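Consider the two complexes below, in which chain A is the common component and chain B and chain C are the respective partners.
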Partner chain A sequence: MLSNTGNFLLIINIFLSSLIIFKSLNCLKINDNLIFKNIYQISLLQSTLVLICFFTLVAAFIVSDFSLITVYQNSHSLKPVFYKISGTWGNHEGSLLLWVIILTIFSFLFLIYNNNHPKNYRLYTLIIQNILILGFLIFIIFNSNPFSSISPLPKEGLGLNPILQDPALAIHPPLLYVGFVGSSIYFSAAIASMIANYSGKFFARSIKSWVLISWTFQTLGILVGSIWAYYELGWGGFWFWDPVENASLLPWFAMTALLHSLLVLEKRDTLYFWSIILCLLTFTLSVMGTFLVRSGILNSVHTFANDPSRGIYILIFLSLMIFASIYFLFTKYKPTNDLINSNSKETFILINNWFMMFYLVTVLLGTLYPIFTDAISNNKISVGPPFYNSVIIPVVIAFLFFMAIGPQTKWIKNKFLNFKSLIAILGGAITINLAIIHFFKSYSLISNLIIISSLFLISSSFFDILKKKKSSFPRIISHLSFGFLILFIGLNHNFSVEKDFNLKLGETKKIDDYEFALLDLKLNQETNYKAVVGELKVSNLATKEKRILNPEIRIYDNPQTLTYEASIQTNFFRDYYLTMSNIDRSEYYNIKFQQKPLMIWIWISVIFLSLGGFLSLFRNAKNN
Partner chain B sequence: MRLKIIYIIFFFNLNLSIYSNEPSFESTIHKNLRCLVCQGQSIADSNSDFALTLKMVVKDLIEQGKTEDEIYNFLSDKYGDWILYKPKLNVENFLLWFLPYLILLIGGLIILYIIRKKGKKT
Partner chain C sequence: MQKIIKFTVVLFFILILLVFYNSLNRGTNYSTDYLVGNKLTSISLKNFENNKTLTNNDLKKNSYTLINFWASWCAPCRIEHVNLMKLSKEENLKILGVNFKDKTINASKFLDDLGNPYDYLTKDTDGKQSISFGIYGIPESILINDELIVLKKFIGPINDQDLNVIKEIINSS
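Up next is the complex of A and B:
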């Protein structure tokens, strides 16, 4: 029954999207500035039906309707309800439905919230957005239909991969999708802007809020994914430069660049085509990321179960998007006079874009290069953390300096403000860094520079809070927290302690300043898994700090999987991070212990980073 | 301004070579080796038999007095380049290592060009 309802709604939606395109084209022929009322109505109906369609699938997951292949493959009747629901988007088919929801709702909201912009521009945006919606609906129906039924009816589902049964991973996809699928709306708007010749600052104003929304959610989405990787993968790291992570970072770089270039476009009416390119690039990178993740072309920690036919469809879709983007850019491009003074705010915003493009190219290249070498010379190479760290980190230092200096400049004018104070702040940053070396231990030159440059950014942002008027508050929050983010990552990296050893029950081991004792092992029976829970006492002999940690080895029933759950003890100064794994044919357990300073502050910095985005969004909404 | 930018680019490129001496020699090597039987893990992060064996091999090679590069060469001859997370700097990977910096250079030149154009007109 649910299968029929779902399929029916999908088909109705294809019809509605086509109808919107058709009506919009008709409406464009009429020479006034009014949009037909029924276009609004159909758009509202479309959004409503897509939501109902999605809730149909959620319902199928809740009642465990195993007549749907998707439910059968990704759920189990004994799973907690929360994970039955999150299982809806924890798989390829369901997550595509989430795609379409965001495409549709953004389409509707963009239509109703932009009524002070000309009709042509809004209608073209609507048409292009609906072409995207159609593309995905067709993909869903013919290739990845979540409502496909299975017969004979299976008695029980196969279950959701246990590492996906997790609160962070339940909210990670929706956040991330608002981010990168949300960017579709300014992809459509950018093309519409070129067709309708609606350029310059008005265009910037119409998309600014949407860029802010997507940027904020993308940031949060990446954060949640990263937190998940930190505690779930059990390796103690939070960023692995894994292709899937890179796929979420690439649109983020493009969005961040766009966010800044829009400021120039809004204030100075220049950089129009560059901003258009960034709009197109952001969504193109999002679709490309989806292609890489879903087609199984890349080897990654967390690829979806993959199937080449999906890849081919997304690849065709992607090529069409790129082709259309390039076509419109070439036919509509007019050389503009982008005049900029060397020490003006515009220059520094360009510098932001310059660095963002560098990061983007580096990560893109690192992600795609192995595919090329494999295709060209059959030589498989890996591009991992050591590559990215050595290419990107040195450049980040210069970036942080510019990020601190940039806001001290004025629009148009060729003049620095507060030059002397900046020098003083730099002196302060170097002093603090020397203090860190003195009180802790020395570390490499590059780490020193990272710490100095981030301290420089932090203190100059603090200085701004004291000095400046309220208008730049969101920017200061974001810049400040970015400075803190890099600082904490730097300190965390430099002062992490790792110990790797074997221990048996009742044994105590002393390594350097630490003492470890495996006090107890318990067997717990939970609803959907069995767990061996260890009780480990970790004593830091230097600081007299004692903590009890409880790492687990879990055996899930459906599907049968063995996972190692890290035990993490967090406080404001440091995390203790410990995993325990069994060693075959031995009574010993392998223990990996890490002491990670200031971990929680990394997460808090990113939350504040996105908070800056939210604040800016509210300010922008109030001003319009 | 231009000098400043060029100076910064060169200065920070030189620092690349200094970066590698940070954590202990052995763990740097472990982090650069892919655990071939795992999904996207380095042998430092893995407990698989493969990772354990490879750690022993690395320890052996260090004791024999081999340098970092010699160890990488030895292992990539045996298992292929797939095992190294930091691709070798050779003809094939030349673009991977230098294209980012080339982009950085070109981007810088474009910005300088835009600023200079203005300078001429006023």
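Up next is the complex of A and C:
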């Protein structure tokens, strides 16, 4: 039953998308500034039906309707309801439906919220967005249909991958999708703007809110994914430069650059084509990321199954997007006379863009290089953290300084009036850094520079709060939290303690200032897994501090998998992180203990970073 | 000049897309199926007990050799061990064990408990040698002939079916 309903709704949606395109083309022929009322109605109906279609799938997951292949392959009747629901988008087919939801809802909202912009521009945006929607609907129906049925009816489902059964991973995909799928709307708007010749600051105003929404959600999505990796993967790190993480970071760089270039476009009416390129680039990178992680070229938890036909489809889609973008750019490009004074806010924003492009190209190279060497020379290599760290970190230092100085400058032509205060701030930053070294421990030159530059950004942002108008508050919040983010990462990196050893039940081991004792092992039976829970006492001999940590080894039934759950105790100063893994044919357990300072502040910084985006969004909405 | 730029941009994207297309058809990054039919060159494995090295020439004497990668800490290795013991009775086949990232004491105890099916026993303490055999997890086994050509590759424990496949191959000539 649910299978038929779902399929029916999908087909209706294909019809509605085509109808919107058709009606919009008709509407374009009429020479006034009014959009047919029924275009609004059909758009509303389309969004509603896509949502119903999605909830049909959610319902199938909740009632464990194993007649649907997707439910059979990714769910199990004994799974908690929460994970039954999140299982809806924890697989390839269901997540594509989430794609379509974002595409459609953004399409509808863009249509109704931009009525002060010309009709042509809005209609072309709608048409292009609906072409994207059609592309994905066809992909869903012919290749990745979540409503495909299976017979005979299986008695039980295969279960959701245990490492995906996690609250963070339940909200990670929706957040990230609002981010990178949301960028589709300014991809469409960028092409529409070229076709309709609607450029300049008005174009910037029409897409600014959408860029802010997607940027904010992308930031949160990356954060949640990172938190998940921190406590679920059991390595104690939060960023691994894994190709899959990079795939989410690439559109983020492009969005961040776009966010800044739009400021120039809005204020000074220059950098139009550059902004257009960034709009196109953001969504293209998002689709490329999807291609890389879904096609099986990169192996990760995001590779749900290896099916080359999926890859082919997304690749064709990606090629069409790229070549359409290039075609419009080449035919519509007009050289403009963008005169920018080298000492002005415009220049500093451009500098931000160049930094972003540098990061983007670096990460893109690191991600694609192994694929290229494999394809061309059959040589399998992997590009790891040392590459990214050595290329990106030194550049971050200069970036932070520019990020602090940039906002102080003025549009058109700037005079450095506050040169003395900058020197004073720099002096302050160096002093704090020396104080940290004096009271705690010394670290490498690069770390010194990172900490000085982040302190520089933090202090100058604080001075901004003291003297600036309310209008730049969102920007200050974001810049300030970025400064804090880098500072905390720097300190965390330099002050982390890590111990790795084997321990058996009842044994006590002393390593440096720490004493570890494995007091007890318990076997717990939970609804969908069994768990061996260790009771470890960690004593710090220097501070006389004692704490009990309870790492787990979980044995999931459906599908049968072993996972190691870290025991993490968080406070405002540091995280205590401990994982335990069994060693076969031995009574010993391998223990990894880490003490990571200021961990929670890294997460909080990113939350505030995106809060700046939200605030800016509200302000922007209020102004328009 | 503009034309050249346009041409380069288009060419650049075509190249990227072609590489993507090409990678799609390569299957997963970790597939080592391409090894089958290839000749193993420059084998150099350290003996388990002394510092002698085992090379190509040692294996060329045998009509068939099964190279088995195992470790005492690997549970599936215990499962397949029974089948390896059965294979050790075959006359046409020699078994070369490569002890993978293991401790000597644990490995010896493993063999004392379960029996030693290996005609040659070598070790790969840091797991680097095994990479050149295309091993990415253990247990894995590779069946080669006297020309050192890979006839078959077994990923995961050798089960009863695999056992029959091996017997068929070695007794066919």
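Methods note: the second predicted complex is superposed on the first by the 619 of 624 C-alpha atoms of A that agree within 3 Å, B and C clash if a C-alpha of one lies under 4 Å from a C-alpha of the other, contacts with A are read in each partner's own complex, and residues count from 1 in each chain.
The rule we apply is simple: contacts are C-beta pairs under 8 Å (C-beta built on N, C-alpha and C of every residue); 3 or more make two chains touch, one makes a residue touch a chain.
These numbers come from a predicted model, not from an experiment.
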First, second, both or neither for A:242, with chain B first and chain C second: first
Dominant toucher of chain A (residue count), chain B or chain C: B
Which of chain B and chain C A:295 touches, first, second, both or neither: second
First (chain B), second (chain C), both or neither touched by A:380: both
Partner chain in contact with A:80 - chain B first, chain C second, else both or neither: neither
First (chain B), second (chain C), both or neither touched by A:395: first
First, second, both or neither for A:315, with chain B first and chain C second: second
Touching partner for A:340 - first (chain B), second (chain C), both, neither: first
Residues of chain A contacting chain B in one complex and chain C in the other: 299, 380
Residues of chain C touching chain A in the complex: 6, 9-10, 13, 16-17, 19-30, 72-75, 106, 110
Chain A to chain B touching residues, read off their complex: 235-237, 240, 242, 299-301, 338-343, 347, 350-351, 354, 357-358, 361-362, 365-366, 369, 373, 377, 379-387, 389-391, 393-395, 397-398, 443-447, 449, 494, 498, 581, 590, 592
For the chain A and chain C complex, residues of the former touching the latter: 291, 295-299, 306, 308, 311-312, 315, 318-319, 322-323, 326, 330, 368, 371-372, 374-376, 380, 583-586
Partner chain A, residues of chain B touching it in the complex: 1, 8-9, 12-13, 15-16, 18-22, 27-28, 31-32, 34, 39-42, 45, 47, 80-87, 92-93, 95-97, 99-100, 103-104, 107-108, 110-111, 114-115, 117-119, 121
